[in-house]
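Each of the next two complexes has chain A plus one more chain, namely chain B in the first and chain C in the second.
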Partner chain A sequence: MSDGPFIWLNDLHHVYLRGTPLEVTALRGVSLEIHRGESVGIIGRTGSGKSTVVQHFNGLIRPREPGKVVVDGQDLSDPRVDVRRVRQKIGLVFQYPEQQLFERLVGDDIAFGPKKLGMERAERRERVKWAMEVVGLDFEAFKDRPTFSLSGGEMRKVALAGVLALQPEVLILDESTSGLDPRSRKEFLDRMLALHSGHELTLVFVSPSMEDMAELVDRIYVMDDGRVVMSGTTREVFSQPERLREHGLGVPQVTEVAHALIARGIRVGQVPVTVDEGVAEAWRILNS
Partner chain B sequence: MSTESVEPIIKIRDLHFTYNPQSETPIHALKGIDLDVYRGDYLVIIGHNGSGKSTLAKNLNALLRPIEGDVWVEGMNTRHLASTLAIRSTVGMVFQSPDNQIVATVVEEDVAFGPENLGVPEDELRERVAWALGVVGMLEHHRRAPHRLSAGQKQRVAIAGVMAMKPDVLVLDEATSMLDPSGRRDVLAAVRTLNDEGVTVIAITHFMHEAIEGNRVVVMDAGQVVLEGSPRQVFARVEELRDLQLDVPQTTELAYLLNRRDQTFPPDLLLVDEVADEIEKRVSRRAGS
Partner chain C sequence: MEDFELLRHITIGQYLPGDSVVHRLDPRTKLSVFLFITLAVTFSLSYTANIVLLLVTLWLVLFSGISLRYIFSAVKPALPIIIVLAILQLLFYGDAYTPYGMTTQTLFQWGWIHVTNGSVQLVIVSALRFVELLFLTSLLTNTTTLTGITHGMADMLRPFSRIGLPAHELSLVATIALRFVPLLAEQLEVIMKAQASRGADIAHRGKLQFVTTARQVAVLIVPLFIDAFRRAEDLILAMEARCYVGGRGRSSFVRLRFGRIDYVAYACGLFFSVAMLVFRKRFPF
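Our next item is the complex of A and B:
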């Protein structure tokens, strides 16, 4: 199975509050796959179903017939499968992760997962230390701080360290940068990218921000109304601004500039998705 | 018109604000703010988390009051408790989370809630609700249940609810930060319409491209105003903004970086079309020569 996708979703349907007057259909047949070592984006407007999809990745929501979810060769539609082992492999960080903190002290909060796995005290300490270093929290300075005394940004780091302490193979960030200012957001995303390249961590970003996506992911799935409506490399997806607009999304401003140039009859080579690419392409156009 | 002849609608002088002033760890959120807001302004306040911008917003309608210095709203000092009601009906506020601001189970009832409590008579109430929902583009949804709306639609209902009380000033405290791009576009369009109708807008945001909407931008850092001017003036100062750990819009960054390679390229372009026009002009000029 090592060559197959690490996460494989096929024809997933989901209805919240099924059989009640408040019934809402969230997914209408979603298929997608995530391979080991990839960085993949799932984008879509509010209510498009993206959060419902990622909650299937680690068994928070189990698939119903005829849908299938297979994670690292394990079929999660089989009720006998132990989802705890799956959750160890797949870490999920939600929007406002600081609300996931519950222990009184920072160190205890981060150690909670490893403790539940039955890890020895010394090993646990090493794990916590490692996870804190990865997210940029000094171990000695922060381990005995009360969690409630932290700033919002620090709380996020603690929540993330708590997930990383389980050393997942896949990390899913579900709008985890929402509400952070530009500096904190960049710091946070740079750390994620470092883990991705340094530790071969597979990343899944769920976000409505096109600018973030352009910097972070290789591939994108666009969702709308419970379906995958577009997919491809970041560049392929961003080269269709009209379709994205129909689905309530936009493209990064620098991509908009390229499309505005094309509309003016100017030949653009590769459509840029980041500012650096935009400068290079504009410079080429100005000097060719 | 000379500025002396026009009284600002909001006047702030040496405003200081401290959270937990009596405790061992007081937090000095505002350290001497001087700011004038004029009728019809669309003022955008930017700054990173903890820079004091939300504290400033809450001082504008007496949700918080100065520890030192003064805030006047249409000449009324916010320290003067008897003016609180008049101040709050002059300055309306919309916050980040739409879910925390909706009170009724039907859209039009939610919008009517504020003016009804102010004792607005039935006929006028109807008129105001229809006007407010129309301005934000939500009139067709007037009979719907708010919980069935998208976040962007809910936020527009929240704005309509504030506008139905006919405030002169609308303060938006990160009102778009929980919305997706289409929701954000719709809310910004509604705010633009209100400003065009003469409502003074003060918008607090993280999103630099939203700052372009305004006629004035104020940048805050560590409880002080550190930059002020038109969006073009402020965003041309890319290096200073970077030092304040703020982003600039991608278009401005693009123009700035092209200017560093070729000094004849204007560094202060803000709009997508401006950048495209400039490049087109240069390409055709060279083709012609």
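Our next item is the complex of A and C:
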């Protein structure tokens, strides 16, 4: 789409514990934009301000002068903005989202958001059913299970379904895969990708894992010390391993291998960023 | 606009690093002086005595290098309690209290409401005492690390272990409780944000609405309790894994030492508080 960005941040500053002797500056002028239908990654080491940035997206933190946050044409610095509508459009899933579950039964917990939106019973049921299918929970089998008897992975799916039940246009995953075993993690990310391509859901990933990023996103913003220090397509960003290392980050292992091969004088065509690309490239080199 | 940053509004219990004399005092000195002054506050009912106590407390705050604005922000969350207390006292305590050396004078009477000079004094003095105690508690916790307070407490309670008081355990319980306050506040903040992200109207309640439905609170309380239990279990495991037994024979890294300033501060605090207690009925108002 050619119209303006869906989420637009300009010169955002943020200080935690403002007005106390324990102030911490988290953001020092962040500008970025996210367009409809994109899949964008935000990476950076711990304390670089990634989470603080995404909490501005749905009005959990409001911008202060001179910063600006505009979501779908609405300026979030205006106190009259209905943040609940913004939050319906922009779903935010936190790290360890299973910690937000509170209802006794799985179905009720997922229905919490739709209920808050004032939906009728039948409609709510449809939403819950849809969300559970998307995350891979069988509706009939799980809807009446006690929430707190589920396994960690299942609880996480329930929590994700709780956010998806609002049918947001943008889904932000703030390190939401941490603590999952490799298989659940892969399954989780595959489902997100399917949503992205199937439902034109805009995705924002916050993650310290380069491998996830390479598989999932089109564009990357690299943050360090409260600023955006690099940005570009995934390939552009990962083609500069030295600069990434300066900011305490690395590149995916396949990319690292490719760079090592180049350093030894082996001719590598396009530097791979995903494992699949790496395999293809390796075959090409071996066959030539 | 909603504000999820809870820790910004909790100032009691937050240690602020500094290098003032108050910071450098032995925690036992601080705890003792704190106890003495608290006693003086508790038994002083006259206007003048409380003004003296308030001024002394404020002077101590300034002396410790903590900004007045920071210490005053501790009073703000307590205001509703102070106001409710004041109203109740004004309405129902008309005949309960007569200031020393005065006779009860009725200032206002309407039906069963009976306001006297005694109840007016009670209202003002109670509010003052509340503020003084808040300042003292803030001052103690703002200038003393948690470890300092624990070791100080354990040390001061040790003589009582002869009569079977579990001194070490008590101070450990107190420490853990205090330590959990900021942790739980942080966790509550995360939960509030997570629930708001999926449509809960957390901070849209009116400012004066104290009563919320159980449903509304469950959204926060259930996850918070689960988290608290999980943390407690983790703590137990961590302590057992390190064979923690505590109590007798346990040495510690922090060695408390009484210095010259401690003796001076201790003596001053004791003298001041005893004077306030002995002369509490001699204050003119």
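Just so we're on the same page, the second predicted complex is superposed on the first by the 286 of 288 C-alpha atoms of A that agree within 3 Å, B and C clash if a C-alpha of one lies under 4 Å from a C-alpha of the other, contacts with A are read in each partner's own complex, and residues count from 1 in each chain.
We adopt the following convention: contacts are C-beta pairs under 8 Å (C-beta built on N, C-alpha and C of every residue); 3 or more make two chains touch, one makes a residue touch a chain.
Because the structure is predicted, anything quoted here is derived from the model rather than measured.
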{"item": "Fit or clash - chain C, chain B, common chain A", "value": "fit"}
{"item": "Partner chain(s) touched by A:Gly47 [first = chain B, second = chain C, both, neither]", "value": "first"}
{"item": "First (chain B), second (chain C), both or neither touched by A:Pro252", "value": "first"}
{"item": "First, second, both or neither for A:Gly153, with chain B first and chain C second", "value": "first"}
{"item": "Touched partner set for A:Ala141, first chain B, second chain C, both or neither", "value": "neither"}
{"item": "First (chain B), second (chain C), both or neither touched by A:Leu101", "value": "second"}
{"item": "Partner chain in contact with A:Arg84 - chain B first, chain C second, else both or neither", "value": "second"}
{"item": "Lowest C-alpha to C-alpha distance for chain C against chain B (Å)", "value": "5"}
{"item": "Chain C-contacting residues of chain A that also contact chain B", "value": "none"}
{"item": "Of all residues in chain A, those that touch chain C in their complex", "value": "16-22, 55, 58, 60-62, 79, 83-84, 87-88, 91-94, 97, 99-102, 112-114, 116-117, 148, 162-163, 165-166"}
{"item": "Chain B to chain A touching residues, read off their complex", "value": "47-50, 96, 150-152, 177-183, 206, 208-209, 245-247, 249-251, 253-254, 257-258, 261-262, 265, 272-273, 275-276, 279-280, 282-283"}
{"item": "Complex contact set, residues of chain A against chain B", "value": "44-47, 151-153, 178-184, 208, 210-211, 248-250, 252-254, 256-257, 260-261, 263-264, 266, 275, 278-279, 282-283, 285-286"}
{"item": "Residue ranges of chain C touching chain A (in the complex, touch as defined)", "value": "1-2, 4-5, 7-8, 11, 14, 16, 66-67, 69-70, 73, 187, 190-191, 193-201, 218-220, 222-223, 226-227"}
